[in-house]
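Letters A, B, C and D name the chains as they come in the text, with residue numbers starting at 1 for each one.
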Amino acid sequence: MVDQDSYSKSALVDIKDLGFSYNQGKDETLKGIHLQCPEKQVTSFIGPSGCGKSTLLRCLNRMNDLVETAKITRGYINILGQDINARDVDPIELRKHVGMVFQKYNPFPKSIYDNVAYGLRIQGEKRKSVLDEAVETSLIGSALWDEVKDRLHSSALGLSGGQQQRLCIARAIAVRPKVILMDEPCSALDPIATAKVEELILQLREDYTIVIVTHSMQQASRVSDHTAFFYLGELVEANTTENIFNNPQEERTEHYISGRFG
Amino acid sequence: MKLKSITTALAVSAAIAATALGQSKIIFKGSDTLGNKLVPQLKAEYIKTNKDLDIEITPQGSGHAFSNLLSGSADIGMSSRAVKQDEKDQFDAAGKSLVEHVAAWDMIAVIVNEENPVKKLTLEQLGDIFTGKIKNWSEVGGADAPISSYTRNSSSGTYKSFSKLGMAGEDYGSDCQKLEGNQQICTEVSKNVNGIGYVGLAYSKGDNFKTVKINNNSPKISKLATYPLARRLYYYTVGEPTGQVKAFLEFATTAEKADEITEAVGFIPSKAGEQSAAK
Amino acid sequence: MNASNPFAKKKSLFEVKERIQLNLLRLACYTIIGCAIFIFSDIVVKGAPTFFKAEAPFVNTEFFTKSPEILSVWHDQDGVKYSMTKSDADVWQTENPDLQVIDLHDYAASGGGILGPLLGTGLLVVCCMILALFIGVSAAIYLSEYCGKHDKLMNLVRLSILNLAGVPSIVFALFGWGIFCHMAPIHVSVSELSDTTLWAFPFAGGYISFQGWDTSLLAGACTLAIMVIPVIITACEESLQAVPKGFREASYALGATQWQTIRKAVLPFAVPGVLTATVLGITRVAGETAPIMLTATVTEKGNLPFNTIVDEGVWGFFSQSVQALPFHIYTLSKLPASENVKPMQYGSIFAFLLLVMGFALISILLRNRIRKKLKW
Amino acid sequence: MGLNFNSAGIVKGFFGGNAYLAIVFLLFICLFLFKSGIGFIPAYKNELSNARKAGLEVSNMIDYELKGYYAISAKLNQAFTSEKRERFGEKEILKYVYEEFEGLLDDELEDNIDGYLDIDEDTTEKAEAKTTLLAEIDSACRGLGEKFLLSKVTPRIPSTTSISDDTIDSAIEYAQQYALNDYETPEEIDQILTDIADQMGALGVINKDLKKSSAGLEKLHKTVETSARKTYDILKNNYKLRNSIQKLKEGLVKQSGKLDNLTDSEKIATQETLISEIQTKIDEAKSKIVEVDTEEAIIPIYAALEGHPAIIEKLRAVVPKNIEKLKDIDFISPEAKEYAAAIEELLPQYLEILDEQETSISNWTHETKVSYFAAIKAFFFGLDWKTGSNRQSLYGLIPLLSGSLLISLVAMCFAVPLAIGTAIYVNQFASKREAGILKPAIEFIQAIPSVVLGLFGILVVGGLLKDWSASPLLSWLPGFPINDRLNVLLAGILLAFMASPTIFTLAEDALNNVPKAFKEASLAMGATRLQTSLKVILPAALSGIIAAIMLGFGRVIGETMVVLLVAGNKAKIPNFSEGIAVLGQPVHTMTGIIAQEYGEASPGSTIYQSLFMVGLVLFTISLIINTICQRILARQQR
């Protein structure tokens, strides 16, 4: 089995026996997940479509609250040592600490500047100097600064797909979250843009804990330190990326990696 | 062949039926003053003895009477004013002659709210109120409050007779609110302390409003000769009436029962009116 | 409470502000609903007594079997109050000669029932919808099935149809009044030839004269039809467009002609849409007052519309003017505010609301049912 | 095959034919409206040019000067009245109480009095009867004081708390005199008025002087008006006669045409009489045409106008002098003081009017031709809508347009926040079940017929609104309590209720069309749902919402029945200078005028055409609004 201790020490996200259902507690989509994501590392979720990996990701910042019939059936998720489904947790505050980047890049129909500044503004920040600085840092952090610094106030929708996705990442890191969740961030991008985003992910690892859902095993192996393989709502195996790809413990993992199903 | 004969028979019998029934409908159009009270009641009385007759009444103002008579869509036009020269010209131009029948006498009552301290007005003051020269009640001895004047709309005959009788032919001021009928004026005056309006005599009794004396004359039948706002109401027909129309008009203008109804409704029967006006 | 909870709710002024804002939004919503409830409850509470009665058959049949008549209200020397239609009052007076009639008031169109207006509205709506559906649905089929999406002329037509759907009803009323009441062609005998006619030529023993139909059922129905045609075309075209393209392609692939395709593979699936459009149109048409006020209605009429067909034939039937519920309500609105008139006022608007709302409800139910049956 | 092809063609032709029929209808509407409306311009031009030729125009100008003066004199009158009440309270009250008695007598004793007056004393019985009646009247008069509910009347007399017994007694006496003296008001009562006027001192003098000062102008106005009216009426009549001759001639042609088809000799004979009758009528009409030489008829007007500058010069001197004198008067009544101040404010305006009108009157000439453009301008920018007038009918759109716009604006002020707020709430915050109830419920409101809403407004809302406006909580607002029950506010509120569902449905659609991704992205940033709605979703849906608002506006401005019933129908430009009090004023609307005046209009008359012009304006407004909205929505869909 996996060497639990080696990464539970610095685990920022700690999932215990998590059960989740989209249907008022019936028909569990996630069945008893145990998983830990270590701090300042990249954890990737892989698995065939419908295996629950995206669902789990959305549980981490309680985006599933938006689905009225969704319900955590058992277990808990600890982030920064706090059960995020506890009663006194405000999902709004949680999401300020757990940022998210989506499958399809979705900048707001506003200017580039407004997009990046959005997170700070909703937190009540009004000082222009602070906003300017945050926008610059975030855009530099997302490797977009050089490309857009001359047109910060033009519409974000005028950027190319890859740029838009990086803008979304810039928007997410502008509020300095602890964790960034990425839901197949490259699936809508061409290979060159994908490479740029992957490069960026590796860069961001320095400062952030990243959880990424991906369809592409190559991507998982390229960017992540740890990999978890899901199948039909169960966590089949979680380990360092190296171990998963070179030395899978479970037969199903091996089959999936070698492309026999999925 | 058989088919043809059947159709012919049908057509003939239909034609006979149609002629036998003759004209079974009288259409009234025009004055709201006449058409909302007097004519419906006359009708109710009249069809007791003429069960087959259908009488349609659409009171929307005297102006309707002449436009509809001209186009032939009315048999009798009700009007609260005499026909205007240009209207007459239109009939002349169309080769039609307009025949006038006096329906009744009416007095235009000026009404104000019950709470209003003003009890009498001179004809001049009245005219000035409606032309917009006088805008505040205190100018005619009332409270210091703006006057809200209510008039009928411009297709009404009362609108025109009032401007002729009460305003020396001057135009209404733009402050007047044009309402749809006598009853609406009563309602608004009864709800507005500062309101003033004019209605036909038949509408002058009600809750929360009272009539005003004009030149020291109240609108009462005995004052017909001296009350400045007295007028005739008319029925108009195109050409001398015939058939059902003639029968109805005869009933409406001469029958005793009709006079009773006229009086009960609040108008003055034409005969009595002419007599006391002559006095 | 976990003091070290990093995600704890932060109590601040901001939160209060936000809550206030949210409640303002909620307030906006419930203000509208509240107003609606106020209006409905007021009408229902005050209208229901006219509508129903305590003993069997629980419905005030008189209200639905009589036309509007004059209402007489008075009291006798003992202070007993009476309120009945003028004709009943006359009977009563002959039967009770020893009771005095004191303080008699008459109110026009406030007694009796609403049969005449109800029938008139029904006739107007039926005639109008027959015309409008015939033209509207055919036009929609042509626009949707025979014209391409890129036919420039037709796109212009579509745009103008959309625009016309928003034209105020009074403009249609004015148009209908000018055209149908004053200019439409009519077959008349020489003696009926009007002097205001635009043009006349002899035909079949009489004249075809462009002198208009006066205020009549037909003029009203045509005016309403023209008003509602844009609505029907738009809605029908939408429902035809919603039928998947695959259906048509499958049908063509089997060798069907265009008409066969439309007949068998498109129209059946567009029926719910057409039906909804119809009911939508009815709801709009039944509620309109201005167009029929100018073109079709009379305030008081003794005969019911159907009696005319016996006396005057089909043309007489269509050329008669009718009473209509909305116009009846308009007449009632001019009456003085009096307790004696209120039963009729509220009863009429209650009946009218039920009618129109009923159609709105039917449209929703119908659509749902048919949708369930035909799913693709 | 061939048959198939043919039937397909027929089917296509059938549908196509119907489509084109629809199009033809729609095109026809535009054409017909345009055609009927456009005839208005020459007709109106003719009326305007007649008014100018006859000199009615210059009479209007003088009237305008007089109006400025009346505004001042009305205020002075009010000042005079309140001052009078304050100074001569007791006599005023006596007069008032007397009038109250007089009314009571009229109501209750008229039969007795009439009887008494009609009896001649030729027989003893009759004399006796007369005495009895006299006694009856006498006692009834004595009883008046008790019947007369002082508590009900006292508050109606300003600055009075109680009425003394002496006053009542003498009032009763006067009332009796009135009754027995053939309804003659006793001289003493009439005297009160003159007494008071005599004793008003300086204010009375000012009042009198001012009244005298305008007499010259009034006389001039009358001269000009009478002379102009005479010419104008003839011109108007001639125009009508020419029109009817035109029509008669057409009729003649028509009837003569019929003659050709007739074979029966009897019918031919009647037809020929008919034709000859028409011919006589034409001749008659022709003989009625009075040729007036406008050049000659205008001469007296010019002659009268020569005196105009002198009159104005005098007014310019007298009016300010008198108003100056007002300052020296010690007003007892505070109201009178206010009125005096108001008069001072009015003065410069009045002098301005005098300057303006004097130049335009001196520049005026009856010879300038009225252009078509002037007629168009007089329609679109005319400040008066006056139809069925005894003198000149005026068709100015501005009062109607401003009324329509004001009502729509008020309606939108209520409807937009409500509807948009509701749309945001239902779309973003309501639970699925809640939204499932709310949405159809609000859409249901759309089906309420407007006439029902209008009647409801008259029966319920109008009264409520007036009562609420009288509440002391609102009395700080200018114009509250509202005077008229039918007003802009009432119409606005009802229309807001009508427009809300329309705006709601379209705005909700627009919000729905915003991609879900925006919402998710914002929420994932830690924005609250409200922040998300207001900062991301609302801006993204903005164009759709604007379209929704515009369509709502289009619906409101085209609504007829509600405004016809509750807007008050006063064809005057609302007085915006009163600020928020403008909401309490009644106005007239474009839709309302069509519904109200169509009965007056027979096809072809000027008013008929003017109504079509108004219809055309409405049509254009709705077309513009719709086109813009279609553009916005189409762009949004892309």
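Quick note on the criterion: contacts are C-beta pairs under 8 Å (C-beta built on N, C-alpha and C of every residue); 3 or more make two chains touch, one makes a residue touch a chain.
None of the values given here were measured: they were computed from a predicted structure.
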From chain B, the most remote chain by mean C-alpha position: A
Length of the line joining the C-alpha centres of chain B and chain C, rounded to whole Å: 31
Euclidean distance of C-alpha centroids - chain B vs chain D, Å: 22
Distance from the mean Cα position of chain C to that of chain A, given in whole angstrom: 57
Multi-partner residues of chain C (at least 2 other chains): 182, 195-196, 337
For chain D, residues that touch 2 or more chains besides their own: 247, 251, 458, 528, 531, 565
Per-residue overlap in chain B, given as positions that touch at least 2 other chains: 70-71, 94-95, 180, 187, 191
Interchain pairs in contact, sorted by label: A-C, A-D, B-C, B-D, C-D
Parts of chain D lying in touch with chain C, wherever the complex brings them together: 4, 7-8, 11-12, 14-19, 21-23, 25-26, 28-29, 32-33, 36, 247, 251, 254, 258, 261, 417-422, 424-426, 429-430, 438, 440-442, 444-445, 447-456, 458-460, 497, 500-501, 504, 528, 530-531, 534, 551, 554-555, 557-561, 565, 591, 594-595, 598, 603, 611-612, 615, 618-619, 622-623, 625-627, 630
Interfacial residue positions of chain A with respect to chain C in the complex: 79-82, 84, 86, 88-90, 93-94, 97, 124
Parts of chain C lying in touch with chain A, wherever the complex brings them together: 1-2, 4-10, 14
Of chain C, residues touching chain B in the complex: 69-70, 86-87, 90, 104, 106, 108, 182, 192, 194-196, 211-212, 214-215, 297-303, 307, 311-313, 321, 334-337
Chain D-facing residues of chain C, complex: 18, 21-22, 24-29, 31-33, 35-36, 39, 42-43, 134-136, 138-139, 141-143, 145-146, 157, 159-175, 177-179, 182, 190, 195-196, 200, 202, 226, 229-230, 233, 257-259, 283, 286-290, 293-294, 326, 329-330, 332-333, 337, 342, 345, 349, 352-353, 356-357, 359-360, 364
